[in-house]
């Protein structure tokens, strides 16, 4: 696995921060100083430390690759909305403009599609005045979209034509793959272009990065939906509040929201398979809960139980036999209602899907600060001419992570971890809901 | 139309408020003083005043029918959740207990069903300690449910057995019809029972009552959904944010939320028919908007456009030919997506249904105060032995409205009113979206 | 008392709303139709109605005095901040621009001072683009200030020079007096200038107007301070939470916040005198409360107990013998702490003054809508050439109130009213805290 | 510096978690596994790692010292309020009760004073029912107070009499010193008593602990005050919004709130001395800012500039020559107003002190989760018989920190750190405001 960050060329320019802030040595980061990935040791024995997996530290460099006042930058936001996007954009613009004196900054509209002239979304020029208050709003002032990477050459042509020196890409896996490819093609074309990613995944599922921006805002907002589900469930006899939350491959939002508001009885995540039927299935456990307490709250991550949908012979399939509807929330709603109807137990179910209301929120203050820092570190990296990397955080230090490493595997909840046991503890649900 | 309030018997008991608060004449309400419904006159000419339609005023009476310390009361909440239910319950308990010294108060669980012993929901006794903090939470501490009025005699038997003297019913049309019937049967059975309603309709659609509790909270909360829709719509190319709000028969929530947050381009309500197709249909107007501005926000009340669903031949119907799915939100989503697909215009639509999150909210402070007052006036009415009435508000005064009058017709948005023109003004949508 | 609205000249122009909205007769307001002030009658006897005190109705007129497209308007905000100022500004601009087609609108900066060239605050031109999102923020985009009316001729010169036809003044008593004077001088100078006021008093103390904008937001925000006081009071032994709220001459904010969050034990308002010492003084009652419950919450309106400060011989006075510090909150804090120290009772007091945090809030949705309507009605009045009036609301209808009437007396809490008894009920405090 | 955790006796009891959760080896924590304090290395050279300073890991132990079902625990909260106190209490009760089966838990009221029978605050017994919903409220359900440690023997007598085995102390420096002393005396008295601290400092100024609970809530709430200050400052000509925030010895709350809401022009913290007068003093810089922009926002931590108050000859002193008023906020207000008066520059200043509203808030979701975890880890430590320690977090792992180490020095902002440069960057204030 690559741990070294690619440098696009020489570094001969003296950083303007030296004079501006009287920064001393201490505050510039040297490439040689690295951070341990694993911080554990056994019996005070230093030889048990794993010193092979280390990260380069993010931060301002004393010498730069680019002359800041001549740099042309571009920012692009891709994929679904995530709290904090505007904070990151704002920070990159402010840092470039005021700290480094780099005043030519393009905003690429609607994701990578904005680099394709055929789409008709011309880049806009960004100044501090444009971005001053954008962090008060959710969403992204640039617009976003998925895809747009079908024909990389068109994108490269645009970057070349706009004379972009630093491209900041804010997006998830697909976006980072695109960024990696852009970095590769830039080298091929011999462009003086650094590609710096800020990884965006509301689900907090990037390995090697302890926390993704927007994640805290997401689970904090999700708390409102759980409160709703609880109020509704207690408001009618035998009532179930069912909340679907984000989390296609990992259940961190569902799990953290559950921990923050202890009114959930069952939390279902992609990492922990479960069955509906049988003595140890969800439906039976739900029935027991209803009979005992007359109400129940279920939180399900969107990626949970996908196998159940596939297996269900009643689920509508398209011509090729593929399941059409893969919405686990609606699937569960249907199956639960059917189950209790068959048992002649009067009940009601309130289904709540707050996803858009969550992801379109402005960042909570802690996320705002984090986004601002990510943006600043991205600019430090770009000005130094580092490329093909993302800005991460590990052991509370900001790091440079090669894109390839960052997208090499997703983080998931470990069902044998103390974290998950804590969640089980908070819900009181069985450790396993499968029939042997 | 009946305007006179029924009195269940003599009023000979001196109100305990006289001594407790040194209330003077001014603060007791006399039945003879009444309030005009219509407050307009022409050319300063008193003869143009309509003095026939008047309301009895709510408020403490100097003489009561019941001896407060011997009264047994019961409170029941029915139908769907509505912000402020707990505030009303709290207020009735506090007022009865502390102000009148009436300490026997039952909470009936899960609506009228709680008066049916077969359901197994025993009444609970309510004291100030039980209700002190309930207004901090949404929902109803008693639980609620629809129906339960199939066999009125069972309900009457329970009321008789529990020796209820005052029954406070908090609910909508169906509930009030039940309350009216209970009042009638109580007379038939010669019970010393007063029935006092607090009308509950989150949609604010009760005629003769200027404002229903929970309504302000509802449209205030709906604002978040509109903000979400706007952020999402601007976050992707050609994106539509579609919000479905409550309002089965009237569009007041949709209209007020639209006025409070001016980011809506089309608001659709039950009172104003619209068409989808044709040169002047919604779809064509939506297309124009998207082409001009690349984003749009639509707010639809759940009762809007029901005729369109009925007419649509593609909508799934059940064995008897009735439309199965009557959800205008999902219907619109489908039709809009289909339209743009046929036109080969790339777009996306984000559908937001915040209904449960809205109705389960705790009351905003202004609603809290209103609910507290409604509860107090209900107790004043009950103690005086007034029955078969609801507590209302008109011209900012609290009134007694006969149940029959209260349920005689629903209030709706008048499409020729200044109010509706103001809404049209806020959205910029065409006055009519029909092809004559 | 004058009830007739002054008209600055002929009305011959056909309203553009006729064509734009197909407004029918019903939606234009005729001057002859007026609204009763008092809505009560006795014994269904129409002769008991007081038909002398009536209001002209606000609303669009079929014929206008000004040609809208040639009108020059100006908006000025004066005095302290109040939630909703930006909403009113926004609404006046939008209504003038889009509905009437009047596109020349000045924003006067920092109150009447902005009309004095010597101050150096040049007017700014307002367009829909400037004001589109200002309602999301508290405060006023124009800035505000007190005074500036020392030399009215300078102000008149500026208005004349700018060729202002309609001046919208948003402010309190002092502002309205200034507006009245401007209207008078405009007549003297023979200017074609209408002066339309939107009364601003966060304290809701304008007679003849049922509700002032920003008031609901104010008491809603004040609820947070009361919750704080309660949490603090319960968090330490013998602890008192003391909250000072706005209300120089009337205690409506204090009273309504108390009703909305029932954790207050003593609410002190300007309208109800109280004493500190003696068997029936506040301090003795507070002591009893502390000994019984170990905590207490006091809410005091800033104008309460001013006589106590005057009388206190220990209060620091200036050279002329005037009391320097008139802050009732700090005065109470000092006196309470001293009292318990003398009694050797350990206690603590947490003093909370949330005034700025309250008044700088953006309007709650219900206030937003109200502000938007006030702005629209102000424009209707101005276009019709009505002058020397404010827009009010009575019996839920929008009215035209002559400025002289509006400022003729302040509304206050009536200590013998049911409203005040309800407040006493909520706190449990003695009806009177004076030693006969 | 001690790094080893004291164990009060043998560990022979098998943890009930083994059976309850099928916890495997991986999920129990071994004392031998420790965590590095410092995670940096140079040039991939393992010998540059500092492996001397390490922490014991927190977490469930396979063998316990106490038999859970026979344990008597007590919880005490001391000092000022801090968001999350109720979350920690709740978590300790829930974890003890449900996970370990330890059902005897006392809540000590009003801090250490509650262990002194003379004070009359009897302990209360805590069960899950008591604590289920307390995390929804700010403050502490137990009450809190400072001091109470004058006579340690009385406290020890009470602990002995109540047969307490595990004492959970939640408080700051003074509290921890008390806890350390209790641990020492327990050994002297040969009591089977473990003392486990959860460090509470809203200012986040504990060394060796990366984050203190409630801190995030604090700076998040402080954001509202900054927004207020900004709105007020822009609302009047030459207006300054001055916000005082918590931070007696460190300015982390002020600095983080500033980063989260970028509207601050000057942030003053205890770690960075500043002068008022002179060419490079705060007042001169403030004047420049006002002249340029007509408004300014200042945030001051309560511990900043204390030397200035001492030096000021005009400040009121008591008989012994000590400064009476040490409130930097009011001091600055006075000095700033005086300065501009002398310069005959009209201005106004709005002073905002939101401290109680901040510290009495319920925890934000991220803090809630953290508090819940701290409580659980405290119980794991207590059950294992570990004593004289606090639960901390470092490198995102939960740790055991000897009390002596935890209180050995405070964390402060390093004025030469990148963190502080980022803050300077956000405000644009001069790096130093002293006249050499």
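To keep things simple, chains are lettered A, B, C and D as they appear, and every chain counts its residues starting from 1.
Heads up, the rule we're going with is that a residue touches a chain if its C-beta (ideal position, glycine included) is under 8 Å from a C-beta of that chain, and two chains touch if they have at least 3 such contacts.
Because the structure is a prediction, the values reported are computed rather than measured.
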item	value
Label of the chain whose CA centroid is most distant from the centroid of chain A	C
Homomeric contact chain A-chain D: same or different residue positions, threshold half	same
Whole-Å gap separating chain B and chain D, where each centre is the average of the chain's CA atoms	46
Chain A and chain D, separation of their C-alpha mean positions in angstrom	30
Centre-of-Cα separation between chain D and chain C, whole angstrom	41
Chain D: positions in contact with at least two other chains	none
Residue ranges of chain B in contact with chain C within the complex	21-24, 26-27, 32-36, 39-46, 49, 51-52, 54, 59-60, 95, 98-99, 135, 210, 216, 219-220, 223, 256-257, 259-262, 364-366, 368-369, 372-373, 376, 395-397, 416-418, 421-422, 424-426, 431
Residue ranges of chain D in contact with chain C within the complex	81, 110, 113, 119, 121, 137-140, 143-145, 224-225, 227-229, 231-232, 234-237, 241, 350, 352-354, 356-357, 360
